[in-house]
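Naming follows writing order (A, B, C and D), and every chain is counted from residue 1.
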């Protein structure tokens, strides 16, 4: 019972969770030692050199510079050590996601919407398999939110206007808190969720049980037609528009002479701000879909275009 | 006592509101700040009452959000930033350097009026219905989504910012040009050094806040959205601009506190501050390096990894001069002749609390741990240890120390010691549990929370009630001393420093004849003995 | 002895008063640098994000007005510097005339600025009020013009304040009393006016020059 | 009181250095506008900023009399720009190093 009150009693369950916990303990021990030493000295001096006490006060240190150099150097070395330690783990936390299993997260006031590639959608919950890195692609519908799973020792802001990819991985099955950590308005404190880490078999079963009639890409495909995108971007069209088959992940020459890789961000920008990066050889005639579709639909469209990556144009 | 002092110089009320005497303006500031401290304190009390239980019991989510925003805005801009500089600094700086007033006395008064105007506008926003963005005012929430009185409150902060700039400007020029003959830089008391460093920040950081607030208001009112993600604006740009001011602002809050503590420790240990030059330059080093670290508020915001690494590195560097100061204060106690008057108790409490605040600052500068702890109660506890444990404690210490000089009356010593001890315990009981909450992962700005966090919240709320009483105590006995306290001699503590060479309270132009300085500061080997009345 | 009445009671000598005033103004100017600094950072951030749009937007500005305005401000700055020298040598009428010319040039600057704003309004280039650009660079152009309007309005406010201050000194130029105090004040006012000029030099390079060569 | 009745009639002329500075500034203005129309590719911007800095330097040194001022005033004049450089350097660092 009392153990639950001790912070970090439960080990972090991400691959680097143990490292973060060790760092925390290291910081805790180091600062307790420093604080202890300091309080001890202050107490000692206060008692020994109190005004009424008749002790030797002669010959107090007149030249101070070697002390100064001493503790300045000591602090500096200790601090640089801590910096390197923290930075090393930090780079591990935010390593570039391996493009393995992608799950999409849309944050909006005041809920987390999660879409799995198979089309499974959930709100305020994220089911994931254990021991397998999951690449979260996060977007915000409105204000800045922050995706925070204490048990995974992980947090990242979700800023409107762009995609944020992070990799998460849990090593033990369980239900873990998901908090919004960046203040986002009235019900910020209720923007809670749950991360459910499951054994692979359970996860597969969950996916199957939740499976909707269509996958995310299929939903995107339907939307693609419904919004009229297919009118220009498909083969039989009379309007000259770039074909999307085999596009994803390839370099795209732009009208201004530069080149971009057709990644999630490029596709997103091209749908919302079609005139910002026009592919070479095409007229800037595509209308903007800004305000006409939300982040969730955007993700479906991107998933659909992604699914065309392997199709021969 | 013959002749008039600054208090009895003119009794008419109008003479106070048109005064250019830095001492009277300090008193005006003091009265204004008590008022704001009280408002901010009421908000804090309501917050702690609400958080005593996990559910929503006392106030609604919207009210709660307005409460913590109001608490933050009032306490940061209308109490902490002006606290020591504008009251104690305003009063003591000219006295300490042997000047008759600040360099620009009318500007000083204008600065107070700007402050009152800014404060009134902000209070108006609060009474209209408040503002719910948090004191950090992050876009696009503050510009596109909040339905509260953001523009009005921001206008108030903007106006108060100019009050800060004028004060900083006034101090800088005063310290450069109005020092008494013989008062070289290395003979200046460390309080002056730290206020000089503070002024540098006030002058160079505040304008960036001003323009940021202009951009924010333009986006909110006119739809001119420079941070608006819909047209390619970047919300992170707002954060960079905001923290360029608001991180150095933390040093605006702590440097004057450190300055006060230097005076107190030297006086009550009856020794020159150990490593005087190192401490002096450490103040300036903190002020300068404090501008290089703002991005450590943004490690998880989506700024580039390179930027995070650089800012983390810089944050560790800026911690070095603070560490130097703490070590030097401790070393000053060695072979001192230490007396435990109330101001000294505050100074010792400051060292302890500031050290905890500083050390936990290192936790947060440490990238991997910050990813976990940022925006949790760990941060809340950390900055309250710095700002309340550090700054407010030093403020109370300085207030007691200079009280005889300011009012001409002695405060009741036993009550003062009791209050100091009570504040120390109340403070730790309030904020130490919040470190635990943060380490367990409780996010900040939460109106309701998971039940497992309750035990620490109850402790914190209990501590807050102790702290509230402890902060009210001085108000009563200090008010009592105004009328019934013993008359203060010119130098009750046997302190060095020019301010103790003139009468208590000082005459209108501070000194009857121009003081001349011919020796080092803190020459306690030759200082008069303390005389308690 | 003649200027003992000109010195406030808290200062010792007129030399100290002059130093205090000048140092105060320089401190104030360092504040002003940072006030514009926030805008400059925004400019560079968005120019980096969308360089093409910023070049396109630069081409939309009126370089003739911008250049003439720069010349006006530079000349007015010269007049103020000359007025200070004249005052120091006791040439009071020259001081007044030169300050008068500087004020007229400042007013001319504001007038042309107004003409420019009107043109931009007609061309739908005023974000938040009347902005109707479409095409590839629309968002970048909008961000540019947000910077443009806020920066030039802020600068314009400084010009107005400067004209007010110069007008006071022009009016006092031939008054008979307190010369040393007048000159110290004028030096401070001149510093401010030169600074307003200095800010404009940079704004000119940021606003009017991009994109001209393509 | 002796300065009140000083004769006012003589024609006052500004110093040569002020006039030269003014002419130089106008010349630099002409130069920067001309150069901005030359196709220097990515060099247009650095050139414009360099000329602007030279102009600002002239104004500061001659009109603002910095060349006659002591170290402290010069330090104050430089401080604002130094801190501006910090703001631009660290502020832009994030945006330039994003991936």
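In this text, contacts are C-beta pairs under 8 Å (C-beta built on N, C-alpha and C of every residue); 3 or more make two chains touch, one makes a residue touch a chain.
Predicted model, so just to flag it, every value in this text is computed and none were measured.
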Path length in steps (a step moves to a chain that is touched) from chain A to chain D: 2
Contact-richer chain pair [B-D vs A-C]: B-D
Rounded Å distance, chain B centre to chain C centre (Cα mean): 35
Centroid spacing, where centroids are CA-atom means, of chain A and chain C in whole angstrom: 45
Multi-chain contact residues (two or more partners), chain B: 176, 204, 208, 232-234, 236, 240-241, 244, 305
Overlap residues in chain C, where contacts from two or more other chains coincide: 23, 27, 30-34, 37-38, 41, 45, 49-50, 139-140
Multi-chain contact residues (two or more partners), chain A: 273, 276
Full enumeration of touching chain pairs: A-B, A-C, B-C, B-D, C-D
Partner chain C, residues of chain B touching it in the complex: 99-105, 165, 168-170, 172-173, 176-178, 203-208, 210-212, 214-215, 218, 222-226, 231-234, 237, 240-241, 244, 509
List of chain C residues in touch with chain D within their complex: 2, 22-23, 26-27, 29-34, 37-38, 40-41, 44-45, 48-49, 63, 67, 70-71, 74-75, 77-78, 80-82, 85-86, 89-94, 176, 179, 190-191, 194-195, 197-198, 201-202, 204-205, 209-210, 212-214
Chain B-touching residues of chain D, taken from the complex the two chains share: 72, 79-80, 83, 86-87, 90-91, 93-95, 97-99
Of chain A, residues touching chain B in the complex: 4-5, 7-8, 16, 19-20, 23-24, 27, 31, 34-35, 38-39, 41-42, 45-46, 49-51, 56-57, 60-61, 64-65, 67-68, 71-72, 75-76, 79-80, 82-83, 85-94, 109, 142-144, 146, 148, 150-151, 153-157, 159-162, 164, 177, 179-190, 273, 276, 290
Chain C residues touching chain A - in the complex, by the definition given at the top: 50, 52, 134-140
